[in-house]
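Shared chain: chain A. Partners: chain B in the first complex, chain C in the second.
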Partner chain A sequence: MLSTVNTLQIKRLLLTFSLVVVGALGTALWAQHDHDHSGEDHSGHDHAQHDDHSGHDHSGHDGHDHHDDHSGHDHSGADHSGHDHGSHDGGSHGGHAANACGHHHDPSIFDAGGTAFHHIADANVYSIGPFSIPLPCIVYAPNHEGWSFFLSSAFKIHGAHGDGSQSVGPYVLNGGTVMRVKDGQGFPKTEGNVQLASDPHDHIFSHNEEDGLAYMSFNGKCYELERKSTADFGLFGGGITSFYDFSLTKNVVAMLLVSLFLMLMFFSIARAYRDRDGQAPSGLQGFIEPIFVFIQDEVAKPFLGHYWERYLPFLMSIFFFILGLNLFGQIPFFGGANATGNLALTMALAVIAALVVNFSGNKHYWEHIFWMPGVPAWVKTILTPVELLGVFIKPLTLMLRLFANITAGHMVMVIFVGLIFVFGGTQGANPPASLGAAAASTILTLFMMAIELLVAFLQAFVFTILTASYLSAAKEEAHH
Partner chain B sequence: MIFLADFSPIKPDFGLLFWSSLIFLIFWFMMSRYAFGPIRDALKKRESDIQDALDEAKRAKEEMTALQSKNEELLAQAREERSNILKEAKEAKDSIVREAKEKAKEEAQKIVDNAQRDIEAQKNAALLEVKNQAANMALEVAEKIIRKQLTGDGEQEKFANSLVDEIKLN
Partner chain C sequence: MTGSIAALGMGLAVIGAGIGIGTIGAKAMEAIARQPEAVGDIRSNMILVAALVEGAALIAIVIAFLVA
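Moving on to the complex of A and B:
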């Protein structure tokens, strides 16, 4: 058994590596593209004109000093050599490109990275094609408004990007995500729902690539927006902000739908097992049974020995929960909820798995961590911190592996589709190039979808088998 | 940070953390209780049922083989018995026939003996009768002769007297 597990692990590692390479290539492609854009976009700008573009107060946040040494978003100057920005030129707030924040939006330039990030992000609205299904928003701003409950339709969403043309108190909807206008900027948040733009096509939200912050232009003034609090402790650019978002977001809805679907499916299968006792499996039961037996015989039994029965439901829950969400995220034209590609979900699963593993740990397991038997004392002083670190690294890798694989796959997919607009222009500027890119993109996307289908099963299996192996280590009896 | 645009999926927000944990825990509980647990037990039961059925079949086969060999043994025994019975019957028949023959011979002998004895007796009786008859006839003849002679000669008278003497002597 041991040798089969080893070859399996090697194969899995190879596949994971190749996927990471594919993902990295995709990311590099996007980064290269984006970099090129910023390069040509900002060439020949007048750095000196920076100061007069923004009337708003930046003193509230640090990091704004990036502005001083970068010209990236000062487009109000007159000199836009080589670009057709004439109609958006300085001072005119009525246009739909230049706004009070001085951030240009050029609809003729396709932002592949931004598009990819937008498509894999969680959202407070469920967009299927041109339709936006509003979702319940539950936001909590301690020391401010407290709890607020409303439907995201209160933002008066327009377009497929999920921008809301109305505010709800201090909250606005930017790219499908609820954000809060930072306090102390004089935003009329107590006036209820404020109409943010007269023309729904106005480009009121912008993202500053230098400070990573989101801005909103309203009434000729630029407001800084705050994103919801995140549990990354600033590691990935997030952190605790003024509010928490406990909304039933797109990913939550996807989880609910998938869980409900799986529950109904498996309840009927369980009923079939009861009603058809002593008969051969049929229909759905016969379809699921090989998968079930595979996890049971290849994962639970070899790793957990005589404990397999106790942990089988947990392993099965993990496997089918992840598999269901992986597959759900791949259904085309169905909103593409990237639930398993969101660190919050993989973190929740990894933490639960870690809790189950460590609460199952026997004396032998803890002894191995804190006081490894059979090694000299000085080795123990090195080993104990390493083993203790391992307790946290194991769930960390579980969390990152699933997240990275699914997110990379989705991102590459969006970028492959985005090639059409990279080469052909956003508004059909170059039809032959669009068609050529579309043909190439179709083949690439088809290939990627096939890989993602494989990855959906593979990553669900990998998460399950690794959890089982950690459990087996926690349950191992002393035998030396 | 390395991300230029807002790469939000890598920032785990508290809402999604909360809902993911809650939904997964409910999912785990419900599935363990109503789906995976019962399915696991049903599969285990079926496995043991199949094993039992296989064992049962094996046992039945063994039993059948044992039964068959026993049957064969019985059959051989029966065959032997039959041949024994046949042999005995033949012997019995032979002895009966032999006995019967002997008896018949004996009987026949007896009949023949009886017949011979009868014949002897009859012969003797017949001879006696013939003797008597002959004696009677001779007597008659002699009477007649005597009667005629007695009427004549003295010598004959004398002879007759001697005869009478002779008879008296007898």
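Moving on to the complex of A and C:
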């Protein structure tokens, strides 16, 4: 068993691994996609609510009623400006009156969907509990400022939501994401850092459900914000905007940390195989060897036949990279970087897998796609388009499967924690209900984390085994 | 009542995938009971086929998201 995992293999693995990381990093940086947008239709800026609660006596409501009430008043098609905010302005939420954009923010309403999407999204700041680690922002606005480099601490982040209380040129930080104030609105862009909010509780950023745009209120005026350019051709509501974001975001930092950790780990394991030749594995070596041998014997050898050694480094890189990121995102109280739950990163991995598969394809593989042998000509006219579609659908499902599984896991955990605020109300409105929900959600979250630990391994394994099966199809010899 | 018909389609797709994965699981259990020594092969093939079924449901869910 030991001889099968030799130093040369580990070195090849490291080389391929670094290529995968560089490829993934490059593609993901370009395609960085913020899922805030597609998710925020669920946000709870529900205006009718305020009319019902004009007395602002939230202590009298029990949390559950409140929630039901909320879902019953879904004015998704309503015009925001038409609502009467008068009763609200004089209410107990003095600092949270309607802002210049006509958007309300009521801190007593818990927005479960919005919170979940905020927590699984990528961010330009790494928040660990109450601490914010600033990350370098590298933004490029062609035809405007060109390149800008700064740390996200320049936004003077206040609160736990990643809202910046200062602007940096035309850039502002909205919910942890860099956005650019749209041109032609008279925002003082050239004045460097502008103080946006004096009171840290001011709600300056808002999201409009009808037009799907983000807004900022500043000095009694409403400004439209632009999100960073995305490579989704507008499918998810993104597209090319006035600036590109090449920042080292939370996911990129997680990816770099995991890559660094895996490289150090594999170098030390490779050294152990050299130094302890012929002896039983020990320590880290003993932990990794069964996993390595499992992928080698269950995935590489049965699927790839006598090509298995050539593709082993690639398969191992994919497996350990995904596994490392899945597990890294699961460390509690450590920022919860949802890197493998980011469509851009899984797309980068799927594109790499697709390139390897299609460039490895022999002539039988292409023959089976373009002119399936052994079937009548009229069937071929149907089969060829289907097979051609299959070439693209295979990486598409690889991308979606990993993304959906990891995102769903993270989201369920956030929602379980959110149950505390759904039942107990925000700001400690109903302490007994909060405590009960906290006890229940602790158990549910722990149970979910145990399942997610399994999913972390399973999804890394599934990605690897599917890539291996596509590779084996590309490498298959003729047998007709 | 609010929401879109896409949500309904998403639910239908999940029913299909659920039946599919359930059948795979049931048959794999039967196979393991019949031939316990082949548990390794059965397990990896079970996961592979379940992943393929899941792929169809995922495409449906994404299309539902795009339409919604």
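By definition in this document, the second predicted complex is superposed on the first by the 385 of 480 C-alpha atoms of A that agree within 3 Å, B and C clash if a C-alpha of one lies under 4 Å from a C-alpha of the other, contacts with A are read in each partner's own complex, and residues count from 1 in each chain.
Just so we're on the same page, contacts are C-beta pairs under 8 Å (C-beta built on N, C-alpha and C of every residue); 3 or more make two chains touch, one makes a residue touch a chain.
This one's a predicted model, so the numbers in the text were calculated from it and none came from an experiment.
Contact with chain C, but none with chain B, is seen for A:Val462 once the two complexes are overlaid on the shared chain. Considering which of chain B and chain C touches more of chain A, the answer is B. After overlaying the two complexes on the shared chain, residue contacts for A:Leu396 are found with chain C alone; chain B is out of touch. By the document's definition of touching, of the two partners only chain C reaches A:Glu298; chain B does not. In the superposition on chain A, A:Gly278 makes contact with chain B only, while chain C stays out of contact range. With both structures placed on the common chain, the touch criterion links A:Leu345 to chain B but leaves chain C unconnected.
The contact surfaces that chain B and chain C form on chain A in the two complexes overlap at residues 236. By the touch criterion given at the top, residues 38, 74, 76, 235-236, 298-299, 302, 393, 396-397, 400-401, 404, 458, 461-462, 465-466, 469 of chain A touch chain C in their complex. Against chain A, the residues of chain C that register as touching in their complex are 2, 40, 44, 47-48, 51-52, 54-55, 58-59, 61-62, 65-66. Touching chain B in their complex are the following residues of chain A: 31, 34, 111, 113-114, 117, 120-122, 138, 177, 207, 209, 212, 214, 227-232, 236-238, 244-249, 251-252, 255-256, 259, 262-263, 266-267, 269-270, 273-274, 277-278, 289, 292-293, 296, 309, 312-314, 316-317, 320-321, 338, 341-345, 347-349, 351-352, 403, 407.
If you check the complex, the residues on chain B that touch chain A are 1, 3-21, 23-28, 30-32, 34-40, 42-46, 49.
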